[in-house]
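Consider the two complexes below, in which chain A is the common component and chain B and chain C are the respective partners.
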Partner chain A sequence: MSWAVYLGRRLAGAAVTLVLLSCAVFAATAVLPGDAVSAVAGPDASAAERARVRAALGLDRPVAARYADWAYRAVHGDLGTGFVGHRPVADVLAGRLPNSLLLAGLTLALAAPLAVGLGLSAGLRAGRGADRLISTLAQVAAGVPEFVAAALLIAVLSVRLDLLPRVSLVPLGGGPLDAPRGLVLPVLTLAAVGTAVATRLIRVSAADVATSPYVETARLNGVRGVRLALRHVLPNAAGPAVQALTLTTGVLVGGAVVVESVFDYPGIGRELQRAVAARDVPMVQGIATTLVAVMLLILLLGDVCGWLLDPARGEPR
Partner chain B sequence: MPHSFDRRRFLRQGTLAAVALAAGPGLITACASGGTTASPKAGASSGARRAGGTLRAAFVGGGASETLDFFNGPTPLDLVRARAWHGTLGNLDPTAEYGVRYGVLEAIDVSEDLTTYTLRLRSGVRFTDGSTLTSADVLHSLATLAAGSKLPVFRMASLNFDLAHAKADGDLKVVLPAVRPIADGRLILCQGNFLVVKNGTRTFSTATPTCGPFKLTEFTAGQGAAFTRNDDYYGAALGQGPYLDGLELRSIADSEARAGALTSGAADFVHDLAPVTARTLAADDSVDVVPSRSPYLVGLSFRMNMNVKPFDDERVREAFKLAVDREAMVSTVFYGNATVGNDLPAMGFPDYADGLPQRAHDPEKARALLKAAGAEGMEVVLTTGPETPGMVEAATLYVEDLKKVGVKASLKELPAGQLFADFAAYTRLPLAASYQVPVPALSTYQIGTAGGSPAAFGWKRPEVDALVSNARAQSDAATASRLGTDAQRTLWEEGNTVLPVFKPYLNAQVKGLTGIDADLFEQFPGFSRAALP
Partner chain C sequence: MTGVQAGGERLLAEHTPARPRRRPLPLLAAAGASFVVAVALAGPLLAPYGPAERLGLPFQAPGGAHPLGTDLLGRDVLSRVLWGGRVIVLTGVGATLAAGAVGMAAGVLAGLAPRHTGDLVLRLVDALTVLPALLLMLVLAAGFPGSDLAVVAAVALATTPFSVRVLRAATRRVAATGYAETAYARGDGRWAVLVHDILPNIAGPALVDTALRLVASVHLTATAGFLGLGRGAPAPNWGRMVNENLPGASLSAAAFLAPTSLLVLLSVCVGLLADRAAGVVSGEGR
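Here is the complex of A and B:
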């Protein structure tokens, strides 16, 4: 199978997944009790008023017809406008998604080297003291919900020591990078959880590689320590490590929703949460589908990197 | 207030807040104790104010769906922002004639038959593009934008006035027909939400010409807005501010985060904190917790559905009202920072029926009434949700109170935003938690209860509806008050609402900040007269 065919198949698979998931999200918004009429017309609106608003929003049409309509427009690049406040969904995405990607990017930049270092150290010493320490810490940290981690960091670094701002206020007309101090606590919170999850995954693959015959051979030939880790273990564990990190990105997306609301960080996760609460279907649909697309892209990149990093690679599998 | 969804809350508030009939005695108290007066004479006290500086205030906000178009912007912040930016027909002011302080208007004349309102414009009001305000601008704002808005804040006005048929009479007069005779229509038009934009304005941006106290320089939905003082503001000549050089309104959704912004010096004023957040701030010497005062309180209530047995029986309803331990709710849920209610909304407004006796906590009598009605040991589910701070906690206590009188009560707590989302299902609940925003009593009745509205939970009493309409058409205050009280007495005796407690909006600010309570629209603060310490 050639490289192009492999990529084509993967992309087609991703597209099918995207369509199925967008259907699922649409169905989920239809199944949720209530609709956006309350958010638009107010809970005390009369029955006639509610009917008028429902018709104005197109909510009186069958779900399938609404989905087909949405999908047709989305394919043509029009994600529509939100029911509440009438902002174009694309505008909201353009304003918020980069902030979330920045948060995720910084988190990965911090978590990836840490997780690789810790995962390798633990994996190479599988079963020994250092491994037990790292594994236990990672297990505990991976089990701490983001909002608890955030509360702890706030209590220590913001309230007690007064080192960092409690809220990630972005200067008006600027972006998060204009107030970099506001990024520290959100990134630390996400990195703590992300590092822990990735460390555990990398540790497993490093431990596998460490007991493999070729590493055993290298050991017998007197290769030890850092040289063994970097020259012999890392190249073989790198592929799985990249895949571990891409999986961690999924964990980060979920965590970002929580972290963005705790620190009031202007990201897309918070908007999704708000749109769901208001039953703002076009907004939910646009944001969720875009997030799914981003996730699929990251997973695909992860697979491609993993394959490129595999020293024993042949044709794509 | 991390768990409540604020658009929904505001909509509830907005629906009812669509009217403000009378500026209550509470506003007088608020203004008097606030160190300023709300009358045009406020300029006299401005000598003590430090002019200048930029005030930073934080609100819950509405995320990326916030909009500069306040005719389509359902969050409190959309309205607060618009009021800093645009001129207004007027504001409530209990110290002024008819209870209103005019903005771009000189006066409102009412015809003998109470059906025609003539708005007379102040001459020489200028927009930021240098043009002068005329009747065409007011007409566009009322007849096109407000009349076409789907927002509940404009609903009460459209119930009483035929906005779409307003007419200009020369450059400085607008004639507005009322739908039925109404004596207190000035208070509906001058409640601070009728803002004036330039004729032809359809979309809004920082470039839009305006005539308010501040000029908008920056706006990012979900983050905030920045303003500078409008030196050309018509109010400046009347001693009505603004005193600040600049104003920043920020959106911070989380209650703890808003408090953090205040204590860390990132904000000077924060709106609507959760009770527990406000309690932790009380220990901080650099800030003041400033709860809103009567009548700007929110009533927490439980609605009994008269379409569902046994709530069709008046004795059962009475028993459910007697069962609640109001004092316990005030002290446990709100740390004492709340007031006992008497099963009627709108406490503190002039048209509220003060004279009725306070309903007692009488579990014995409740038990006896339930027995007499054959409802002892009845099962009931109380449905609630975290729509405003304290709502779930109050419902939890009420379920315990009901168990103490032998009712097999249980609590169903819905996730945030869910309670009112399916409104048809909500109105079918046998026993539902609710809350009432600060709006005068008769208006609250007309919006939510009259005519057997679904929100009335089976209360359908045409003769009480008529009594309320009649009260509002009286130009004699004593007659209006007598009729209004009669209507509320029936509601108190036979109604289906248990309203045990009123809670304030818990705002907080840096020490020495003044003038915010001099520019209130309902429960929402304004900044045209604010001054930094």
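Here is the complex of A and C:
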């Protein structure tokens, strides 16, 4: 199969998934009982007042029509306006998404080499003491909630040692890079979780490769240690490792919502959490759909990289 | 999908034999988890004050009448810790059971169904797997503000797709072996084959899957509390306590460290038990 066909298929699949999930997000926020009317009109509004607000927001129309309308505009770049503060959703995204991408990028820069190193060294010694230790630690660390890890880091590095600020205060009109000390704790927290998750995934693919016949042959020919890892295992485990790292981004997107809230970091996750608390329906729909689209794109990139890196690629799965 | 579950299906398929050894760690983990669950369930009976009573100045350091100090509204931290675990444990376990029932039914049926139907189920499941668990939870919570039940449903929904995948794969493996074929040839009905041949043989993967799901559920439930989802403000909840008391970290660290430590103990112990379960089931020495 040519790469064009492969890419075309994958793009089509991602597009279908995006449509499905945006439907689900829309349905969850638009159909469920806690709708926007009470959020906008207030809990004590009269029936007439509620009806007026409902009509003004266009919520008296059928859900399918509302979704079609929303999707049509979204495709043309208009994600609507938030109920709270009347900010255009696209403006909020443009302002906050780069900050979150910065956080994710720094996290990946720290977590990826760590996870590859730990995953490879565990996978190559599958079943032995070092593997058991790394696997168990990673399993346990992956289960600790992000905010709990953040609280522990704050307790030690911020309260006890007074080394780092507890919140990521960003100067007015500046970005997170203008106050780099505020980035350290969020990045450390996310990297801890990301490393744990990715290590387990990479370990599995490394262990697969390490027990394969050609690596066994290389071993029998006297190739060992770093040379074995770099020349024989890594090229074959690189594809799955990249896919593992992209799978981790899903976990990081969720983690970012929490970590941004803990440290009051001006990212898209904190904006989403605020929109949920305020029941700002267009904002939740816009942000959630955008996050899903970003994730699908990253997963797609991971799949394509994994395919390109696979030395035995012939038939893409 | 949650981070804990990611890669778990491979964890199951793999065999990593090791020398059998005596392991004190799983025992310690079981003791730790039991301790936290006991505190959570029996805590309200032992609490010296009510969870919402304002008793003094905010963020008092530990000592005197308040062994763990007071929180941001001057409430007794010890009492709130004793009251605030119930919702975490009950929600976590409730979501694990609900997701287990749905995942088991859907996974086994999809495994036994004709190929096309099974593949269709898998496609739907894969679409859901892409959605970060937390995003799912936030969106659902936006629809049902202030409801603990919505949190249970969201956590269950976030952890189910993975179970369906794992159990479908396990069912297909069993169905492809001789047992099921032989039983059908003997003239056993579908139900009998399901009960006598399929279910006993997927019990191992199902157990590990449940353990991983419990870890993920505790993780998500605590996070939901931290983000203020579920029952509203005066209700005590370890997750929310961390959120409420972090701003006063420099005045009284005990106010956020007490719930934090219990959550660490719970998630680490449950994580160790899940890891052990995977080890036993994948054929490692007992």
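General observations
Keep this in mind: the second predicted complex is superposed on the first by the 313 of 317 C-alpha atoms of A that agree within 3 Å, B and C clash if a C-alpha of one lies under 4 Å from a C-alpha of the other, contacts with A are read in each partner's own complex, and residues count from 1 in each chain.
To be clear about the criterion, contacts are C-beta pairs under 8 Å (C-beta built on N, C-alpha and C of every residue); 3 or more make two chains touch, one makes a residue touch a chain.
The structure displayed is predicted, hence computed values, not measured ones.
Placing chain B and chain C on a common chain A by superposition gives a clash between them. Residue contacts after overlaying the shared chain place A:53 against chain B, while chain C stays out of touching range. Once the two structures are superposed, chain B and chain C can be ranked by residues of chain A touched, with C on top. Once the two complexes are overlaid on the shared chain, A:29 sits against chain C while remaining clear of chain B.
Contacts of A:156 after superposition: neither chain B nor chain C is touched. After overlaying the two complexes on the shared chain, residue contacts for A:94 are found with neither chain B nor chain C. Contacts of A:271 after superposition: chain B is touched, whereas chain C is not reached. Within the superposed three-chain model, A:279 lies in touch with chain B and with chain C [touch as defined at top].
By the document's definition of touching, of the two partners only chain C reaches A:295; chain B does not. By the document's definition of touching, of the two partners only chain B reaches A:170; chain C does not. Legend: residue contacts after superposition of the two complexes on their common chain; A:257 is shown touching chain C, with no touch to chain B.
The superposed model built on chain A shows that, among 2-10, 38-46, 56-64 or 254-262, the segment of chain C colliding with chain B is 56-64.
The interface of chain A with chain B overlaps its interface with chain C at residues 32-34, 154, 158, 166, 261-262, 275, 277, 279. Residues of chain B touching chain A in their complex: 2, 5, 7-8, 11-12, 14-16, 62-67, 69, 72-74, 150-152, 155, 218-226, 248, 250-254, 257-258, 260-261, 264, 266, 416-418, 420-423, 425-426, 447-448, 453-455. On chain C, the positions that touch chain A within their shared complex are 1-4, 6-7, 10-11, 14, 16-18, 126-127, 130-135, 138-145, 215-216, 218-219, 222-223, 226-229, 239, 242-243, 246, 249-250, 253, 256-257, 260, 263-264, 267-268, 270-272, 274-275, 284.
By the touch criterion given at the top, residues 17, 20-21, 24-25, 28-29, 31-34, 126-128, 131-132, 135-136, 139-140, 142-148, 151-152, 154-155, 158-159, 166, 193, 196-197, 200-201, 204, 207, 244, 247-248, 250-251, 253-255, 257-258, 261-262, 272-273, 275-277, 279, 281, 284, 288, 291-292, 295-296, 299 of chain A touch chain C in their complex. Every residue of chain A that touches chain B in the complex is listed here, in rising order: 32-35, 37-47, 50, 53, 56, 82, 84-87, 91-92, 95-96, 154, 158, 162, 165-167, 169-170, 172-173, 261-264, 266, 270-271, 274-275, 277-280, 283.
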